[in-house]
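Next up, some structures in structure tokens.
Two complexes come next, and they have one chain in common, chain A, joined by chain B in the first and chain C in the second.
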Partner chain A sequence: MTTRLFYDLAGLALFAVVIVLGVPALMGFDAFELNTFARYLALAIVALALALSWGGAGLLNLGQAATFGMGSYAMAMHLKLKASGDALPDFMGWNNVSELPLIWVPFHSLAFTLIAGLLVPAFIGGLIAIFMFRARIAGVFVAIITLAFLVAFQLVVIEQQGITGGQNGLTGLAPLELPGWSVDTYSLSFYYLAAGCLMLAITLGLYITHSKFGLILRAIREDADRTRFFGYNVANYQTAIFCISAALAGWAGMLYTLVLEFASPTYMSVSFSLAIVIWCAVGGRDSVLAAAVGAILVNLLEGKLSDIYVEGWNLMLGVTFVLVVMFMPRGLHGLLGDLTNLFRRGAGKRRGNRSAPTQTAKTGQEL
Partner chain B sequence: MDVILNQLFAGLSMASILLMIALGLAIIYGAMGVINLAHGEFVMLGAYATWALQTFAGINIILALPIVFVAVALVGWIIEKVIVQRLYHRPLDTILATWGIGIILQQVVRLSVGAESRFVKGPDLLSGNTQFGGLIMSNYRLFVIAFSIAVLAATWVLMTRTEFGMRLRAVIQNRGISECYGIEANKVFSLTFAYGAGLAGIAGALITPLFSTIPTMGTGLVVDAFLVVIVGGLGSLLGAASAAVLIGEATALFSMLLNDTLGRIAVLAGIIVLIRFRPRGLFPAKTRH
Partner chain C sequence: MSHLQVTDLRVDFGGLRAVDGLTFGVKKGEILCLLGPNGAGKSTTLDLICGKTQPTGGSVRFEDVEISRMFEFERARRGVGRKFQVPSVYKELTVAENLAVAQSRKPGIWHALTRLSHSGRDRFEPILEKVGLEKRADVVAGNLSHGETQWLEIAMLIAQDSRLILMDEPTAGMTIQETARTAEIFRTLSKSHTLIVVEHDMSFVRTVADRIIVMNRGALLAEGSITEIEANEDVKTAYLGH
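Moving on, here comes the complex of A and B:
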């Protein structure tokens, strides 16, 4: 077992204890607070999905919110059909849609919904990825193309009112019916469902990071050409991580719809997509665990502070974000790493060992 | 026929606004490789400055232009000095930092001026329309088109016919060697950023009678302007101009054929495909490596 793997597993175990035992106890098992926290857990999944592609492979995906939205709408369509019974969903009537659109029909089935919520984002993400990476598009152009896609996709969703509910999104949803369990989103068991999803996602993320696949992705991040010369098909690896990241985002989206009990086109807005980037940057883009923690921390702060200063919150968020980008480019995770290095170097100096002073100076310049 | 002509004029009017916003962005991106997502907020600041000058000092838009230019350029200069200058070696991070700056500027305006829409009156001199057969053109929009062409020309002169432009081009080509010849690259970059911000401010001032002035007005504009820059090609002024006309006209025509939203979607899709096949833009600047 390498040291890094050991730290990651220890971190995961600590995180799991805090989320599973600490948080519910701290909240006093209050249903409302637990529901709010479950929302943060869903957002943590989308942040860690971004960390996989951004931190892991150097692909800054500014369109992450689009795949998140796909998952969220998939779940909302299922619950809306359930709420409407045999009748048409109400908003379709308002838009003069007389028959259930074909795309809605399979969402009667829960199994189909769950699979579609993962595979549709993965498929669309894969298409964009193939389209970009076959042409060796890299760096800022990936950011611009994904951003343009996000803007176009949100416009399509708002435009197709009869199918998507347009600007209003999908509201008035039924609760989810799992076999033998009608999910009450204001309950401890739902909180544990969200926590379980997050743990699973983090474990998957850590597995990818520590696998050979993750290693090759890091090689691509550092120098795509050199990796290509070693005989790896760079585009295929990039496409694969894009698909995985998109599927995880879709998963987070499904969970998010369950928590908030509606789906809205604002989930696919540019500002939401950049908010995901902010969470990821604050936590630390190199580590899926750090990104998840970043998402939870920023949203927790937002939840607490925006009660007190409604308008001031965004200002603080902006200032924090600029400071993080300038002085902590690897986020809290990087800060932690630098501090441990500093501590070790201090210990080394006392023993008269002065050989490693340049190591930490370089870390800020990655990507 | 008249419908098409009027639509073409609307497209040209939109292109002239896009051009002015994109020009500042193109200079900043071309010179420093900085993707300035706060550019839309510079436009917003320009619009609010115009509103403030008109409401509190009674200065009309035309006379306000130089004041707005200097004011917004100053804001840009300070932001470059304090934040952007530290990030030149991390181009992807400039996207994030400037987005953060954008949030800050938006919130500052929202907290100090308020979130409600502000109204700015167009100059009386330019009210009314000019008519050619069935083609009806608002005088103010004609003025904006002429002004944007003048700004393009002025920028071209600045870049190619002045000492400052020569220094800037030298730094773009090879920063290290230019510094050996005594050019202070940091100073050149600061001034370039300030100039780009000032142009955005002017664009903001000019669009106040056409758009509603709200704190979030910049966010939508910056995406469009950025696409203009990418389509036009890096560091190419003429490229940015042709791309602005292309995108403005394409949006206007698609909007007429389909509808506004579908028109925008079609243009975005077209741009994505274009970036895929010509990532250096339609008219990339020729640089030696």
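Moving on, here comes the complex of A and C:
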């Protein structure tokens, strides 16, 4: 086992203890607080999805909110159909739609909904990725193209009122019915459902990071051309991580709809996409775990502060982002790494004064 | 029969014809040294063979397959490996990780997704020993010295295990001892690999070359053994005239 893998697993274990035991205890098992926290957990999944492509492969996807929105709407469509029973969803009537649109029909099935919530984002994300990466587009152009897609996609969703509910989104949803469990989103068990999803997503992310696939992506991030000369089809690798990242974002979106009990086109806004980038940057984009922690911390802070400083919150968030980019480019995770190194070097020096200097050199290397 | 056959290869950069009707072949297991004054088109020739540059005309056949229109990663998969003139290791990856990337027999996504990044590490041990980096496996490549970086690159070529290896000035900046060690490694490599080496160091060329071709202004100037080349009047003029 490599040192990196050891640290990541230890971090995951610590994180799991905090989320599974610490948080519910701290919240006094209060259903309302737990629901709020479950929202952060869903957002943590979309942040780690971005970390996979941005930190892991150097591809800044500013369209992450679009794939998040697709998952969110997939779940909302299912729950809206459930709430409407045999009738047409209410907003369709208001928009003079007289028959259930074809695209809605399969969402009666929960299994289809869950699969579509993962695969539709993956497919759309993959489609954009194929065109971009076959043409060897890289760097800031990836950010521009994905951003343009997001803006266009949100416009279409708002435009197509009869199908999407337009500006209002999809509201008045039924609770989710799982086999033998009618999900109450204000409950400890729902909190654990969200926590379980996040843990699974982090584990998946860590596996990808530590697989040879993750290694090749890091190689591509550093020098895509060189990696081609080793025989790797760089475009395919980049497309694959875009698909995986989009599927995870869709998953987060589905969970988010469950927590908030509605889906809104604001989930597909530029500002939401930028917020995901900020969470990722604050936590540390190089690590899926750090990105998840970043999302939770920033949202926790927002929850506490935006009540007090309603107007100033966005400004504070913006300033935080600028400061992070300038002084902490690797986020809290990078800061932690730097501090450990500093501490170890200090300790090594002190030890070095007493014992043989070769000992010092060795400790230094094992970091 | 040639392992690699280049025929009437041409490339234009704007108005400049950097490679102009070049024809030569390399036999399997041979070490061919490519000489010529600066700007003769040696690096460009290697670029054309490995796919970094697309030719304007002519053909490159490797193991009897035309490869001159393929993507670079397809040529690499067929067994063409390249060392560039400027050292190009992955500075953010460790030595072992660099080798894991280079070890690319199965470059597909599925294979990569079902392996951990450090799998196959024991296979790197003998390679690292060969280049003297066995104690540095977990060092980040950006922290290696200049010499170590060059050894790592050679180790990566060995790990990649291409049947045809293209080397651009592999001994530039090396000490005499390091150059001798490199020559020795190349002689061992040539038992199972074909090598094309661009090199200025004549004593190195004398030790490793089975055959030499000399380029000037993008075209073939002379071809033969080291003694033939050293006696060649055209070669003398080309070098002195520069």
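Methods note: the second predicted complex is superposed on the first by the 350 of 367 C-alpha atoms of A that agree within 3 Å, B and C clash if a C-alpha of one lies under 4 Å from a C-alpha of the other, contacts with A are read in each partner's own complex, and residues count from 1 in each chain.
Heads up, the rule we're going with is that a residue touches a chain if its C-beta (ideal position, glycine included) is under 8 Å from a C-beta of that chain, and two chains touch if they have at least 3 such contacts.
These figures come from a predicted structure and were not determined experimentally.
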First (chain B), second (chain C), both or neither touched by A:27: neither
Larger contact residue set on chain A - chain B or chain C: B
Touching partner for A:312 - first (chain B), second (chain C), both, neither: first
Which superposed partner A:88 touches (first chain B, second chain C, both, neither): neither
First (chain B), second (chain C), both or neither touched by A:277: first
Partner chain in contact with A:214 - chain B first, chain C second, else both or neither: second
Touched partner set for A:114, first chain B, second chain C, both or neither: neither
Which superposed partner A:234 touches (first chain B, second chain C, both, neither): second
Touching both chain C and chain B, counted on chain A across the two superposed complexes: 365
Chain C contact footprint on chain A (complex, rising order): 2-3, 208, 210-216, 218-219, 222-223, 225-234, 236-237, 240, 365-366
Sites on chain A touched by chain B in the complex: 60, 131-132, 135, 137, 139-141, 143-145, 147-149, 151-152, 155-156, 158-159, 270-271, 274, 277-278, 281, 311-312, 314-315, 317-319, 321-322, 325-326, 329, 365, 367
Contact set on chain B toward chain A in their complex: 35, 83, 86-87, 89-93, 95-97, 99-104, 106-108, 110-111, 219, 223, 226-227, 230, 261-262, 264-265, 268-269, 271-272, 275-277, 279
Touching residues on chain C, where the partner in the complex is chain A: 50-52, 71-74, 76-77, 81-82, 84, 88, 90-93, 97, 100-102, 104, 107, 109, 111-119, 138-139, 160
